[in-house]
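Questions regarding the structure given below will be posed in turn.
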Amino acid sequence: MSTPVGPLDASVVPRFAGVRTFARLPLVDDVESVDVAVLGAPFDGGTTFRAGARFGPAAVRESSVLLRSFNPNIGIAPFEAAQVADAGDAFGNPVDIVAAHEAIRSSAAGLIATGAGVIGIGGDHSVSLPLVSAAAERHGPLGLVQLDAHTDTWDAYFGSKLTHGTMFRRAIESGVIDPDRSVQIGLRGSLYSGDDEAANHRLGFRTLTAREFDHDAAIEMVRRQATGSIYLTVDIDVLDPAFAPGTGTPEVGGLTTRELVALLVGIGEELGPRLVGADVVEVSPPYDPTGITALAGANVAYHLVSMLAANR
Amino acid sequence: MSTPVGPLDASVVPRFAGVRTFARLPLVDDVESVDVAVLGAPFDGGTTFRAGARFGPAAVRESSVLLRSFNPNIGIAPFEAAQVADAGDAFGNPVDIVAAHEAIRSSAAGLIATGAGVIGIGGDHSVSLPLVSAAAERHGPLGLVQLDAHTDTWDAYFGSKLTHGTMFRRAIESGVIDPDRSVQIGLRGSLYSGDDEAANHRLGFRTLTAREFDHDAAIEMVRRQATGSIYLTVDIDVLDPAFAPGTGTPEVGGLTTRELVALLVGIGEELGPRLVGADVVEVSPPYDPTGITALAGANVAYHLVSMLAANR
Amino acid sequence: MSTPVGPLDASVVPRFAGVRTFARLPLVDDVESVDVAVLGAPFDGGTTFRAGARFGPAAVRESSVLLRSFNPNIGIAPFEAAQVADAGDAFGNPVDIVAAHEAIRSSAAGLIATGAGVIGIGGDHSVSLPLVSAAAERHGPLGLVQLDAHTDTWDAYFGSKLTHGTMFRRAIESGVIDPDRSVQIGLRGSLYSGDDEAANHRLGFRTLTAREFDHDAAIEMVRRQATGSIYLTVDIDVLDPAFAPGTGTPEVGGLTTRELVALLVGIGEELGPRLVGADVVEVSPPYDPTGITALAGANVAYHLVSMLAANR
Amino acid sequence: MSTPVGPLDASVVPRFAGVRTFARLPLVDDVESVDVAVLGAPFDGGTTFRAGARFGPAAVRESSVLLRSFNPNIGIAPFEAAQVADAGDAFGNPVDIVAAHEAIRSSAAGLIATGAGVIGIGGDHSVSLPLVSAAAERHGPLGLVQLDAHTDTWDAYFGSKLTHGTMFRRAIESGVIDPDRSVQIGLRGSLYSGDDEAANHRLGFRTLTAREFDHDAAIEMVRRQATGSIYLTVDIDVLDPAFAPGTGTPEVGGLTTRELVALLVGIGEELGPRLVGADVVEVSPPYDPTGITALAGANVAYHLVSMLAANR
Amino acid sequence: MSTPVGPLDASVVPRFAGVRTFARLPLVDDVESVDVAVLGAPFDGGTTFRAGARFGPAAVRESSVLLRSFNPNIGIAPFEAAQVADAGDAFGNPVDIVAAHEAIRSSAAGLIATGAGVIGIGGDHSVSLPLVSAAAERHGPLGLVQLDAHTDTWDAYFGSKLTHGTMFRRAIESGVIDPDRSVQIGLRGSLYSGDDEAANHRLGFRTLTAREFDHDAAIEMVRRQATGSIYLTVDIDVLDPAFAPGTGTPEVGGLTTRELVALLVGIGEELGPRLVGADVVEVSPPYDPTGITALAGANVAYHLVSMLAANR
Amino acid sequence: MSTPVGPLDASVVPRFAGVRTFARLPLVDDVESVDVAVLGAPFDGGTTFRAGARFGPAAVRESSVLLRSFNPNIGIAPFEAAQVADAGDAFGNPVDIVAAHEAIRSSAAGLIATGAGVIGIGGDHSVSLPLVSAAAERHGPLGLVQLDAHTDTWDAYFGSKLTHGTMFRRAIESGVIDPDRSVQIGLRGSLYSGDDEAANHRLGFRTLTAREFDHDAAIEMVRRQATGSIYLTVDIDVLDPAFAPGTGTPEVGGLTTRELVALLVGIGEELGPRLVGADVVEVSPPYDPTGITALAGANVAYHLVSMLAANR
């Protein structure tokens, strides 16, 4: 491996200067090869309540200028340990969810084919379906570690099978995700019926609600359940609305960013090289006037990148 | 006609009290028959840039509590002259534009079948297609008076024929709109190509750009071109972003609300009973922190209601 | 009991559609009888610092569209267990606190007379006085469980005996509240004098400050002190400003929504059918640009409704 | 007259530094005598829709740091031509309109008694009643030049005779204002009934609506009608919501700031020393996230100060 | 000239997708040669009141995604007529104005040396000094057409000679600008002394204040005064705060965007190839919650680019 | 000591009334002598990312109107225990960091010379350098207790030695701070290199990161390390962005206000009269639309004042 091309140095180039790539990294086309690619998926056509996550990748990039080179939580300088690059956005027809998903899957698959790990930036949570599908094409059926307020395993909304609340049921049906190796952490909020929790468990998931949340219990659940190759998806609404107001379906009673960062670090230690892909989704800038949701999203992405880089 | 049931009296019930219906009017189901129905169309799945207009009807209703009983610009007490009622929202699958449009068309047609005139509240501008289609089912092909920054007559976006930038070409193709009796006022902004204007004219429209805007010229154009039965559509982006920041595709250099209100009054006088339906669209609350766009939308709707009521 | 008429189904009708009633429930006038009535009290004329809570009921209704049918924290589908309905707003003269309070008391009393339990939505905290008074008319002197940053038992502001900081002293004086069966949880912030705490205790209240807050201690205090029939009042400022910026008198160092929801659930289990009425107050939309305060308010109201419904 | 004590020099002390007095002027107590006093009236208990104007004086002071020493529109350095000072706020019971008005009247009268002219900063428009009353105590019945979207001459709201929509009828009844020497400019918006305009005219006012607005016609109307000693009141809602979103009762179709400043200058030239007092009201900071309404208010106050100073 | 590489096609790639370059154009390094370079100057260390313009280039780029290929006001497809590219940001020490200016001058000079015309995006107005200096190095002393609320020709602030209110006096002193061929349009606001206007005129400028503004008079003034090679600078505060709230020193009574766009078009026609460089400055995103200021800035930049492209 | 002149009584004068001094206290010039002076330092020219803290003192004063007379956390009525007064703002050239720092140092030294303790209100964190320098002039080299997300001990930014990220290295070099008696609590966020932490420790600091944060451990570290006379500096970014979004360099994973208040109380108890000065910095109002950051800043300042007052 040649020496990775790193980001702009913030002690030389002020953080507010320069065209916004993730963490001010080079674009994929400007480096020889890529170990970890950050891929935007600016699509929110699967949203059932508040739209806006289509601007998520741009806002996460804007906030990511605050990121620096060394991640003390993981003890790694990710941009030195691996060649990380911004792969731009996978774009697709914003008014046709099938076409949009295919465009995202195709972009991700292209990057994966070059040997890169992909960190997706949503977009609404439906974009995890093409992202995890692309990863499973290479790695086979994947266990899912899902940090989220909602299960996203409902069957249909308004008669539609493809939305940001149903895509993980689709992923199970298509064999992309193996629910018996999957966990969901942070679930909360009112439900459509008293059977929702049981139905979700019948699919195979192990769950830890926000009410029950405990760091060690969460890590233990990941250790026992999430065997084999794993895809990690972080819906920013796993955070409490105080920490992430800018999201499509906020639910009170969520995690703090301190809890989330520690959880990510712990999961990363647990998974090691079994982590094959990840995303952070549902940052919705129109509902984020202070920008703290995008900042949280950028920090999540930074830790996801660090986790993949640590395995190179 | 029995005496119309009017709105709550703001000198008795404070404006900030009560469940929000348009202008605090009764719901359609709570009155015997309806002359003018205000119908929400909370759909923005046809949006090509910023979403959010799905919350337009709710925000317009919230702002409409400021409306009072007498419209001095038109010299009418619309809620006494006719039974006006809030018909709620025509809802449809938010992630399937064809199904959503059919739900809107069906709701509007149902109201029109009872003899009511319908004032639509968008939603993105694509909702005008089912709304004008429902009106044309009863009245035959309609001339269109379109107040808008954009022609919305492009052929396709991202390969999609049905978006908020293409629906009036569809309406022409299906014979719902007669472009030779149609005018567009307030056009401006950069274009996709130097042929855009000519292509739009070839379809049959007469146009008055915002640069050329003059009240008398606009009224004269309506008088000459917009013969027969007419549908009036107001994209709130005909206003300058200073007056309507909360919209999906803002363009600088637009009209003021003083100009728009005067224009509506003049058009109403010109059309008289030839006006058979109307809408106001593209109010996007997530981009409207001060609420002035929703307030403008509520005032536009109030004038549209007044114009229909004046013809009863 | 006939089968309750429930809310609109969000998997059929998108949450952003429809006229805003609480949780998209029917209005009181549209159902045969009501077990639990949600009553808005849009009055903030008792405010000593920032006004705006007059728009609280509208904002809570707008946020309540996110609520679903099943409350997993309490294990109940409240809208199936009981007929819940939106009773609209009790309106009164916004510039005359005596007249406004009487209008609220009268509305609540009318609902209670039909056998309904009432959940009030403020408005400033002064509206708890007429609400608790109406409840006491039926149930006799009530113990008070007050979740709040402030005691609201000062004697007078600016020479006025009736404000949102003094009404519980008035309620004690009129015998509506029995302070010896009352507790206050979440108190904090600077005080007018070193005697404030002692004076409040001399009235009879037991208190648990935010500094001392501990879930089990709070529940234990409720168990010991809050005997007999109880009214539960939640000032949204019991939450930290990070969780509830949109309120009239924010104080740093408050509870999180996770703590508050757990506290409500625990109090509900403790009180059972001894809970005869409740309210959530001081949501102030002009200071809530992200809407998270209204969302918290809607969730509090949902739990209060669930608690009353569970006792039917 | 001794040399007036002027404001801090912005080329020496940065504008963002220092305790906020109006235009960074000295307080009344810190100068020997005062020619023009700027008096805050932070009361909004007369508001019928959106409150918040109680924070108007603070926001106007904050914005006023942008004001400089020389007013080129009037050709005067007002703080050199006269001793101008900030008289702080007239405070009163915020939940008792009668007591609050008396506190304001008394403060203004005290300043007037020393020979000062008073420029009031609201507060809701009801504060003009005590302010104009204090002026009339010295100068006798006054003609009123009212720049406003609303007449504020309704009889009662919710049975209350004293609100921000009725106070000028009260002022006429008490003989403080002579309607036959009074004009209203900028009126617009929907009305409670078709008789509102006529009823207002029957009181004696001459009016120029925003629809009819023309600078020369406005000045001519002032010249003909507003004879004798005059009080000038500027409701910031005379501006369009694009220019003044932060106000209690915004109405579309209003004036621009360019029109308003020119109008003030023209009125000042016309009135000369016949102008005996003035105010600017209804700046409501909670609805003014960009601060442009407060900035407009500060500029209006600056021109009012300049007009009084020019007559010294 | 080879066929210019144009921007992404918004009918294929949604506008919300992709890394933000100006108008989604290629970067300078990705094209063979450049005719017009858009250069960010994210520096606001010369600001005397509100900072934030350091984020101006990023916000203008974000808003510029709304721009399309054909400019109907000028009748040109600028990205086809010339190779336009984004040159990124000229960065410099944000806490050392001399070093920062030198970095900007050097970047601009480097681009100019390749034959490109430069359109600068500020940054506070002080960045015009290095930008115009770089242009003058090639073209000799330049006339200045300045659209601005302020003259920016004061001598010093707080003893500093180099600020955003003094730089054009420095430019005159260094011979970069020839004031006798310079005009200022849109001036307004209170002044430091009664001599400010005269002092400015003594420097040589011809001025047209916002009060006096008339399109034809402005164009005539440019025609008569602005002879020879010209630099055009647009301070976004030439617009009224209703149209551009997000700026450092807003002044009421400014131009509308309709007036400004027409003025730019007229000036462009008048200057033709005599225009050698231009900038738009003082867009301050922290004060621009609705983004309309950045949108105005992007449209100004688009017209400036079109004007330079038209001369290729 | 004469009886201290206290603040306005909020039960008599509404909190929204009156010219804004800190906690509505008298100005220094209006009292005979001062025990504790609150001094604004509205300078942010040392900022490396987002500016705006220049408006911090004004926003903290505005929020401080919510503060009352008795501090129950410390058990003191600080304004009775000591004469506390607002010393206004130390102003300096906003575009020259050396001159600005000297102005701040000089103002603070002047107050200290009269025997007062000084509580500084920033401004960016660079203002702590002149403030602590002034304190050290009187008390000798000081230990530092720093509550902060960042060490602020880097050597240089962009070649500048004097910024808000480097000033404590300068303070060590000049002998003002004794690092061996200094602690830093709340550190977190990504770093420039893997050696940052070690380099900081080599300077002498003991640190407790936010990840490791524990109240008792923090107090114990202060007890062991922070011997002798101590200066306490609170960068508001020690709080999580959910609690303090309005700051220049937010980092996720920070403290809550409940933790911070308890920490301040504990530190105060530990230090007692060894605390000789303190400040709270980096409140940046343009990024604080809900005002909760300024509210937190006001509460921190109130506790700092209480701590100094308790030692009188």
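We call the chains A, B, C, D, E and F, going by the order they appear; numbering starts again at 1 in every chain.
The rule is short, and it goes like this: contacts are C-beta pairs under 8 Å (C-beta built on N, C-alpha and C of every residue); 3 or more make two chains touch, one makes a residue touch a chain.
Model, not experiment: these values are computed from the prediction.
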item: Greatest separation from subunit B - chain, by CA centre; value: F
item: Rounded Å distance, subunit A centre to subunit C centre (Cα mean); value: 38
item: Rounded Å distance, subunit A centre to subunit E centre (Cα mean); value: 40
item: Sequence positions of subunit C contacting 2 or more other chains; value: 14, 16, 48, 50, 54-55, 94, 157-158, 240, 242, 256, 287, 289-290
item: Listing of all chain pairs that touch each other, if any do; value: A-B, A-C, A-E, A-F, B-C, B-D, B-E, C-D, C-F, D-E, D-F, E-F
item: Complex contact set, residues of subunit B against subunit D; value: 10-12, 14-16, 66-73, 75, 77, 240, 242-243, 256-258, 261-262, 289-292, 295-296, 299, 302
item: Footprint of subunit E on subunit F - complex, ascending; value: 44-48, 50-52, 54-55, 92-97, 99, 157-160, 162-163, 286-287, 289
item: Subunit C partner contacts - residues on subunit B that touch it in the complex; value: 13-14, 16-21, 27, 40, 42, 54-55, 57-58, 61-62, 86, 88-89, 91, 94, 289
item: Sites on subunit F touched by subunit A in the complex; value: 48-50, 154, 156-158, 189-194, 196-197, 209-211, 240-242, 245-246, 249-254, 287-290
